[in-house]
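You will see two complexes here that share chain A, one where it goes with chain B and one where it goes with chain C.
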Partner chain A sequence: MPPRFLVRHPYLLLVLAGVLFPLVGSEFWVGTVAARALIIGTMALSLTFLTSTAGLVSFAQAGVAGVAGYTLALLSPNVTGVGVEVAWPLAVGAALLMGTLAGVLVGWVSVRSSGIYLLMITLAMSVSLFYLVSQNTEVFNGFDGINGLKAPVVWGIDLRAPLPFYGMALTAAVLSAAAVLYLDRTPFGSQLHALRNAPRRVSALGFNAVALRIVAFGVAGFIASVGGVLNTWFSGQMSPGAVDVHAAVNLLVVAVLGGIRHPLGAFLGAITFVLLENYAASVIDRERFNLVIGVVFIVIVLFAKDGLSGLINQLRVHLNPAWTGGRRAKTRRKAA
Partner chain B sequence: MHTAPILRVRDLSISFGAVRAVDRVSLSLEPGERHGLLGTNGAGKTTLFNAISGDVKLSEGSIEYKGRTISRLPIHRRARLGIGRTFQTTLTFADRTVEDNLRVAVMGSHGPRFAIGTWNRYGAQVQAARAVASRFRLDEVMEQPVATLSYGQQRELEIAMALASDPELLLLDEPAAGMSPQARGRLIEVLRSLPRSITMLFVEHDMDVALSLADRITVMRDGAIVASGTPAEIRATPLVREIYLGGKH
Partner chain C sequence: MRFYILLSLNALTVASLYFLVASGFSLIFGLLRTVNMAHGAFYLLGAYVGYDIASYSGSWVLGLVGAAVAVAAVGLAMHQLLLRTLGNDELRQALVTIGFAIVVGDLLLAHYGGITYQFTPPDALYGTTPMPVVKGYPTIRIVVIASALIIGLGLWLLIHKTRLGMLIRAGVDDRDILSAMGFNVQRVLLLVFALGAGLAGLAGVIGGSALSISPGEDARFLLSSLVVVIVGGMGSLAGAALGALLIGFAEQFGLAFIPNYATLLTFLLMIAVLAVRPQGLFGRG
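The block that comes next holds the complex of A and B.
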């Protein structure tokens, strides 16, 4: 039987696994594969937060992360010679702020639409951003983007090195996930769930449903921006490729793979995605990755409606070991 | 005794394209009054009702609440002024617990609305939710998701949520719709027991429910008011007898 606090807070096991992973993983696995999964997971978390609480979908989260990424790139030293160089904490702060504002803007523009129309309008905004950055050469340097970006050295720790970078990505992912799980237990979280269930009722009760939605998009924008900043440092560049339709679709695929009904599905999806990406390259041709991910996507959508997190949940309910104090254990105790 | 009306609807008209759903309707409710709105399907009751709550935009006329014109206020602003409503088709937060439904409802009109402490910090609101629950005997099922409740209980929650926001004017859209006779009786009992500090306007198809609850009744047909008076007067009106007792629909 595991220690009591781990049973009561199973998510701590995940954090523990993340912390211990560098002990078993090689530098490549830690600094490249795992760090990338955490970054993609954080960006996808912004989407699963929206879907699992407020029932909102967005194709624009990669774009929002891109706004943060471009802001960071333009305010950091780069080899392209664009933008203005400022101290890195200022650049990161500005990136998070701009990304959050972009999220708010997405929420504000799309405030009257839901479902498939919401998906379309957010896709349209995402595509607009892509064309803006790819066609503007003076500020964004067009298709070539902004290159030579590096994570800073803080208190003698080079955040570019694999282990520190992994630590930073893990910290960001854990804090973002904790924030989302925390919000779920607040009145604000309850109100978002209410919005998903019956928006008309939410207004009739005295809530400004429009404001609630926009704030939810703002929170999602902030989380996407955290991922966007890390992604920019990870790839060392910011180019239109990070905000194209492909990037938007990938994020949606990651979220659906992991399951959009649980916020942490984002990380399950991201791990699967990154693993497939690495193994597909070695098993069959690298060009065939989209085929592999497509097939996995279809299988998940067909056979596991709520993605991998839904599967885990089913498994948990099915096995339901007594020490978790689950529903079945309780009923048994009652019956006894 | 004459007091200023809590709700006054003046020459209200609502058109959807060429269709005039509500046609120059005037209505006024005294504080504490229980006012029933009767009429066949398509008579314009629900449209009038939705105009008062803010769900439907009015084409002409005005709505005053406590002496203030609210015709152009959005739904949530009207709710915060003390206008609560229920829905004909149950509109609850189905996959959330009964407790969560009620405590969210409590915070709607009184706030704090953008609260990001954990629920433990809002003891007063949670207590208020429990108090409403016990009035409807929902305290037994507080931890259950709404979707697992019986239909009757869901209807009761529908009304409990509106009451949780502590309204001064309560708009009930067919509160007893689809309920069993037994549950209906209990519901009427609860509604009758509400303090007179709450004014009620309700739409109801069931004559028995309407007549046993209302102080005054307004009958609508084709978007206009055709009769208005006490339950006894309404019962005696030939037109109402025609509409409700074997007349053509």
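The block that comes next holds the complex of A and C.
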């Protein structure tokens, strides 16, 4: 039987696994595969947060992360020669702020829409951003984007080196996930749950439903921006490709794969996505990754309503090991 | 003066193309409540299939018809295999069509590669048509505008003057009652889905002839369809027409005067409509 506090807080096991991973994984697995999964997971977390707590499905999270990424790129030294160079903490702060504001803007514009309408409007906004940055050569350098970006060196440690970068991505992911799980239990979280279940009653009870939604989008925007900043450092460049329709779809695919109704489904989906990306390449042609992910996605949507986290949940209920204190354990105790 | 007329004609061409694609999208949504995210993929599929048929047979018209029929068949297959099993879960339906669009887009890329294709329309559509003031305008673009007018009129007649149209309108208002009155709603749904998908395929050939065919066009026309129906109103033919006109003019005039920020104009248009009428200009409810 595992120690008691691990049973109480099974998520600590995940954090522990994340911290110990560099001991077993090679530099490639730690710095490239796992770090990428954590970044994608953090971005997708902003979507699963919106969906699992407030019942809102947004296509704009990749775009919001892109706003943060472009802000960071324009305020950092780059080889493209655009933007203004400022100190990196300032650039990161500005990127997080702009991303959060972009999230608020998305929430504000779509405030009267829900369900599939919301999906369409957020997609339209996301693709508008793509056309803006790809047509605009003045500020965003059009299709080529902004290249040659470097993560800062702090106290002699290059943050882009595999291990420090993995540590940074893990910290960001754990803090974001903890924040989402914590928010879920606060009065604010309860109000969002209420908004998901009965929006009219929320208004009738005197809560400001509009403000609630916009704040939820703002929080999601902040989380997406954290992912966006890391992603920009990770790839060393920012181009319209990061905010195109494929990026938006991929993020939704990740969230749905992992299970959009559980916040942590985002990371489950991201790990699956990145593993598929690495292994599907060797099984079939690397070029045909989209075919694989498309088929997997269809199968998950058709047969597993709540994605992989839903499947795990079903499995857990089915097995119901005694040490989780489940129902079967209780009946067994009673019988004894 | 000549510049403005040319610009307006270009806007009209783009608007016609947007209408051709968005009308099918809107039609499907109106009756089935399905947001067909694969609509852009249908457009691209139609363009490629039409190109193949036209180059084998040497007949552009055959390509046009063949593409519409083929895409309608693919649409029907998608509806029967993927959508029907999901019942009325609109969100999951939209998700499945996204998956389908990814698969179709990748298969098309695998088969046709990343190069750009250009139709060779019949000689009659080649060259320019003489016109007053602007001297001449590409004939193929006039064909685009004319076909949008013809198809728009045809759809209007179908929906407002025929028995099937009556069923469609009744189905949009209340599907369950229509079914309870003994009409075969499932058949009407299938017909509408095939019609909507076929329109996307048809638009693919027309658009592929006036512009060109390349990967990425699917996303472009999915976006335009989305914006057109968000602005015009879901499930409304007139809404699709007005939305397409507004977006077409905003896009072309934006590109002419503020090329770096043209998209913002479309975006602001969408926000303005959403702020005043969230259901779209012609939308109900």
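By definition in this document, the second predicted complex is superposed on the first by the 327 of 336 C-alpha atoms of A that agree within 3 Å, B and C clash if a C-alpha of one lies under 4 Å from a C-alpha of the other, contacts with A are read in each partner's own complex, and residues count from 1 in each chain.
The rule is short, and it goes like this: a residue touches a chain if its C-beta (ideal position, glycine included) is under 8 Å from a C-beta of that chain, and two chains touch if they have at least 3 such contacts.
Only a predicted model underlies this, so the values are computations on that prediction, with no experimental measurement involved.
Contact with neither chain B nor chain C is seen for A:V15 once the two complexes are overlaid on the shared chain. By the touch criterion defined above, A:V109 lies against chain C but remains apart from chain B after alignment on the C-alpha atoms of chain A. More chain A residues lie in contact with C than with the other chain of the pair chain B and chain C.
Applying the stated contact rule after C-alpha superposition, one finds that A:V174 touches neither chain B nor chain C. Of the two partner chains, neither chain B nor chain C is touched by A:V82. In the superposed model, A:A194 lies in contact with chain B only, and not with chain C.
Looking at the shared chain after the overlay, A:L302 reaches chain C, while chain B stays out of its contact range.
Shared contact residues of chain A with chain B and chain C: none.
The part of chain A that touches chain C in the complex is made up of residues 57, 109-110, 112-113, 115-117, 119-121, 123-125, 127-128, 131-132, 135-139, 244-246, 249, 252-253, 256, 287-288, 290-291, 293-295, 297-298, 301-302, 305. Chain A contributes residues 182-183, 185-188, 190-191, 193-194, 197-198, 200-209, 215 to its touches with chain B in the complex. On the side of chain C, the complex with chain A involves touching residues 35, 82, 85-86, 90-92, 94-96, 98-103, 105-107, 109-110, 219, 222-223, 226-227, 229-230, 234, 259-264, 266-267, 270-271, 274, 278. The residues of chain B lying in touch with chain A in their complex are 53, 55, 74-76, 79-80, 84-85, 87, 91-96, 100-101, 103-105, 107-110, 112-119, 122, 125, 161-162, 165.
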